[in-house]
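When the chains are written out, they are named A, B, C, D and E in that same order, and each has its own residue count from 1.
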Amino acid sequence: APATAGEKPFIILQSTTSTANSGLYDAILPKFTERTGIEVRVVAVGTGQAIKNARNGDGDVLLVHDRAAEERFVAEGWGVARFDVMYNDFVIVGPRSDPAGIRGLKSASAAFARIAEAKAPFASRGDNSGTHKKELRLWKAAHVDPIAASGRWYRETGSGMGATLNAASAMNAYALTDRGTWIAFANRGDLAILVEGDPALFNPYGVILVNPARHPHVKRREGQAFIDWITGPEGQAAIAAYRLKGHQLFFPNARREAKARERK
Amino acid sequence: MPEAAPSLPLSADRAGAPLLPARIGGLVFETAGMRLLGPLDLDLGPGTVTVLMGPNGAGKSLLLRLLHGLVPPTSGTILWGGAPPTEPVRRRQAMVFQSPVLLRRSVAGNIAFALSLRPGSRVAHARRLDALLDMADLTPLAHMPARRLSGGEQQRLALARALALDPEVLLLDEPTASLDPAATLAIERIVRQAHDRGTKIVFVTHDIGQAGRLADEVVFLHRGRITEHTPADAFFDRPASREARDYLAGRIVL
Amino acid sequence: MQDFAEAFRLAARLVLSGDPTLMEIIALSLRVSLSALAIAVLVGLPAGAFLAIARFAGRNALLVVLNALMGLPPVVLGLLVYLALSRAGPLGALGLLYTPTAMIIAQSLLITPIIAALSRQVIEDLDREYGEQFRSLCLSPYRRIAVLVREGRLALTTVALAGFGRAIAEVGAVIIVGGNIAHVTRVMTTAIALETAKGELALALALGLVLMTIALLVNGAVMAIRLGTGDERHA
Amino acid sequence: MQDFAEAFRLAARLVLSGDPTLMEIIALSLRVSLSALAIAVLVGLPAGAFLAIARFAGRNALLVVLNALMGLPPVVLGLLVYLALSRAGPLGALGLLYTPTAMIIAQSLLITPIIAALSRQVIEDLDREYGEQFRSLCLSPYRRIAVLVREGRLALTTVALAGFGRAIAEVGAVIIVGGNIAHVTRVMTTAIALETAKGELALALALGLVLMTIALLVNGAVMAIRLGTGDERHA
Amino acid sequence: MPEAAPSLPLSADRAGAPLLPARIGGLVFETAGMRLLGPLDLDLGPGTVTVLMGPNGAGKSLLLRLLHGLVPPTSGTILWGGAPPTEPVRRRQAMVFQSPVLLRRSVAGNIAFALSLRPGSRVAHARRLDALLDMADLTPLAHMPARRLSGGEQQRLALARALALDPEVLLLDEPTASLDPAATLAIERIVRQAHDRGTKIVFVTHDIGQAGRLADEVVFLHRGRITEHTPADAFFDRPASREARDYLAGRIVL
């Protein structure tokens, strides 16, 4: 349904907790609203839930970080097209005492192998989120089956990034986290970044307009305006300019052309 | 309590087929395999005050509740002018329970509540409320929380509430048990007046003097059975059943 | 430990600063939970009263279901409401998802069984005392319920306060159907969940303190009304 | 809509398959919530009873606080317990965080006020009837409470069921102090939250159905006991 | 009810300073700004049955509750053998309330509960329980839920429970109001027996005949004040106060 008369036009953005909790949206969305008069209502949930919500038509735009799932979303006709927006990276955090001795390793999978070897506590999100899927790929590369150790040193928290970090902090466990959440995260306890910079830790975000052909009420014009803005010079500059505690969290990487086929 | 209780203004005209005589046939009440009442046959005619007597636990209160349709009989029939005591019949009766159940409101509020269940204008109800309070000698206590009243005051309030319903049949379960002698006599007068205006009275009491003053006929109940049903004079002079004789003499009724 | 101290300081600062965002969140929390409570009382109390006085086949089974519904997880209820209100769902066309209305719906559904189950017990106990008297008076079921509710008002107020507590503290359902959207559907509990996820534990606790203060004020107001009307007098 | 149908199919399949992970989760849910309930009843009921019969300065204020505590958000309580049990916290040395014990602690703390507040009301109403008789008999406060609890057992069972419902449905506190760790602290509600976050709504609903079935069984068992002992007879 | 009530085996020996005489001085009870009782002076000596009479709402029940220490006086003193009616004193008294408050247990359970509050072996208690049930003629009803009893049966149970406490002072508030004549006489005999064994009796009743049979002395209460306190013979022959004369004659007491 179109926005009722008198109400400010708005769109619903289905997105992830990692982006929302980092404060990025608070910083950049007012600029978009100021330019277009369109308010953006962010629903921050797990990537899986965000995609499910978008499939149900409960959002106009989807902005998540699970490339394979995003492309499937578009391929199945739920989304119009996927555009790169930005990326950040994952880091491996762990106790400063580093019982598994991974500090400074260049390879994330090598670090994982050592953690497994040392049977050092590791807090996994265990929630099929983008971060969790990335983590599972790293275990695979390290030739470790962590599930076999589930409930022992391998702890699947089945929770969001923040909750998982809270758990890691309280248990002095290792964890994989996106840098944005980490920098914004206040309850670090004894944890610190131990491994970073491996290209395998690259974490791209994509933005997709929910397909109005499937969900006629989707606000195509406003949604597209948002995608145009965030992938355009102004949005990209805003992303680049966002700093938290002195760190740049997200790196814009939009290209102008669509990555996926558009469907009628 | 005023020496001569004022006669109460009646509310609407009474309507419907007469409730009397009431015919009770083969009445039995059992619970958990125990027979508490019956088998029992009884006719209640109009124009008489029927006093129900009998030892503790004989089933007097239970019989009143059955007559009023509050509990269904296990077997047998109760017919008021041909109809069983379902709502249309019960609405034309009022019962004063052995222990008063008062609402958590003021004294006046309790009577007003009963009045509100009957047709009538606001003004008529207000007038009737005053008359009833006066009758029960509760006017000075009108605004007291009803549950704070003394035992006797509560009993008077329960009676006033029943009269507020302007019933054609009044079932009274030991309504003066906690009353002082003057209040007892006043209540007896009020009951007599109601009777004179055509209200059928069924009155349970252990007070032999009171029974003598009020009763036209006595039904004597013992262990759930009627041992006699006789005109009052006969009953008090020469009771037919040994049970009633023992009862009147203050002897244990076996 | 320092978290506790900081939480108190933060809470005081938040409240004293009169931060407009916080005020907005508090206002929405109260609006949602009090509306849900009103609906739950309007529906649950008569339903509970009816169950208290009615006797019919299957009543015991129904009571078991009702009591069990007190254990309906908010997340599950949230999901059910989500599926109903989702664009893909039967009521999607109403566009209610991610609005305060959706949150009110979810919370009412959540606490109605609680109000109904507890009122049922309160009123059934009362009816044991009044039942025969009321049948003698030939009260209509409607009137009988109204009077029993009035007689039991003290206990029923406590029941309502239990429902309010459940609603104001609830996060699982409102976060699913409300979406915790800033300035639109963010309430105290979803804000607390968000700050917790951010690791801002002191801030989360501070918001919790503010929420408890609100709950205290609401309960205090109810107590003041009780004492003021001298309701205890008739008890 | 298809989610509903699928949820039912999934729920049936899950239960029938006797999936060991599911059984483990169900067992833990019951263990945690019933333990918490037992503790809450052991503490909350006497506390409520005491408040019901005692008269002292500040009692009304205490009642307001108690009623308000029914609105304590589980997340806030979870945080408090988390901070206490965390390695950095005062009780960190016990190593209880992320264990079922921690979850039991959190849930008991959560429902004790509910049990206490509702019992207080039930017992106070009873005491209005029995109070003078008991004082005449010079019952010790302990004996008086014991007798009142016995007299009010029907209503108090409903109170306990409300507490059980709150506990079994609760997710906010247990997920923080338990961590929803697979095979260690994962219970029904945290599993439901997880599947929801994954977007596995049908599975989440299916788990919800299983949870409601458990709640029904518990409530049914209680009802059967009530009817069996003929408790209603004395009412 | 057995013609000659069996004398009850007593439990433990009585100990402590004597409770009597009781001295009440300047007693006043007010609530919500209303004076319900007093000012009132009264001495209760040992060895007498004191019957308390007076119209409904005079304050008889309230006075009993004050004597028993259930409500604190607004001013004035109540001293039982020198001590105010706090727990140590109250424990040596028993009160039967105007409307019985029974536990949701069986008849026997209610008595057993009271017995459990007094020292004594299991066997002794069991024996006493049987005697009390027999005394109150409740043996056949021993296993009935107490709240299902008839009005009179409940009253008898309440009395049996009070006697189970083996009190030195027995405060009875219209204990036979709902009893049949035989039960009334039986209860009077039991009360007399208790008196003969040294129990001080304070008995409230509206039954003038009963008062005549039981009373050694009568305290007449009217509007919260004592209008006379006289030996029974004197009271019934030539009551000193106009209020008592009116009361006895069944006239409204103004």
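One rule holds in what follows: a contact is a pair of C-beta atoms (placed from the backbone, for glycine too) under 8 Å apart; a residue touches a chain by one contact, two chains touch by 3 or more.
Just so you know, these numbers come straight off a predicted model, no measurement behind them.
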{"item": "Minimum number of chain-to-chain touching steps separating subunit A from subunit E", "value": "2"}
{"item": "Equivalent interface positions on subunit C and subunit D, same or different at half", "value": "same"}
{"item": "A-D or D-E, whichever has more C-beta pairs in contact", "value": "A-D"}
{"item": "Remotest chain, subunit C as reference, centres from CA atoms", "value": "E"}
{"item": "Maximum centroid distance from subunit D, chain identifier (CA atoms)", "value": "B"}
{"item": "Centre-to-centre distance between subunit D and subunit B (centres being mean Cα positions), rounded to whole Å", "value": "50"}
{"item": "Distance from subunit D to subunit C - Cα centre to Cα centre, in angstrom", "value": "17"}
{"item": "Contacts with two or more other chains, residues of subunit C listed in rising order", "value": "82, 89, 196, 201, 235"}
{"item": "Subunit B residues counted as touching two or more neighbouring chains", "value": "none"}
{"item": "Overlap residues in subunit A, where contacts from two or more other chains coincide", "value": "45, 53, 160, 163, 166, 169"}
{"item": "Interchain contacts (touch definition) - all pairs", "value": "A-C, A-D, B-C, B-E, C-D, D-E"}
{"item": "Subunit D contact footprint on subunit C (complex, rising order)", "value": "1, 3-4, 60, 63-65, 67-76, 79-80, 82-83, 89-90, 114, 117-118, 120-122, 125, 128, 154-155, 158-159, 161-162, 164-166, 168-172, 176, 188-189, 192-193, 196, 201, 204-205, 207-208, 211-212, 215-216, 218-220, 222-223, 227, 235"}
{"item": "Interfacial residue positions of subunit C with respect to subunit B in the complex", "value": "129-130, 132-133, 135-139, 143, 147, 150-151, 233-235"}
{"item": "Footprint of subunit A on subunit D - complex, ascending", "value": "82, 86-88, 97-98, 175-176, 179-184, 186, 190-191, 193-194, 196-201"}
{"item": "Residues of subunit E defined as touching subunit B within the complex", "value": "1-3, 54-57, 60-61, 98-99, 141, 149-153, 156, 173-174, 177-186, 206, 208, 246-253"}
{"item": "Subunit D-facing residues of subunit E, complex", "value": "65, 68-70, 87, 90-91, 93-95, 97, 101, 103-106, 113-114, 117, 145-147, 165"}
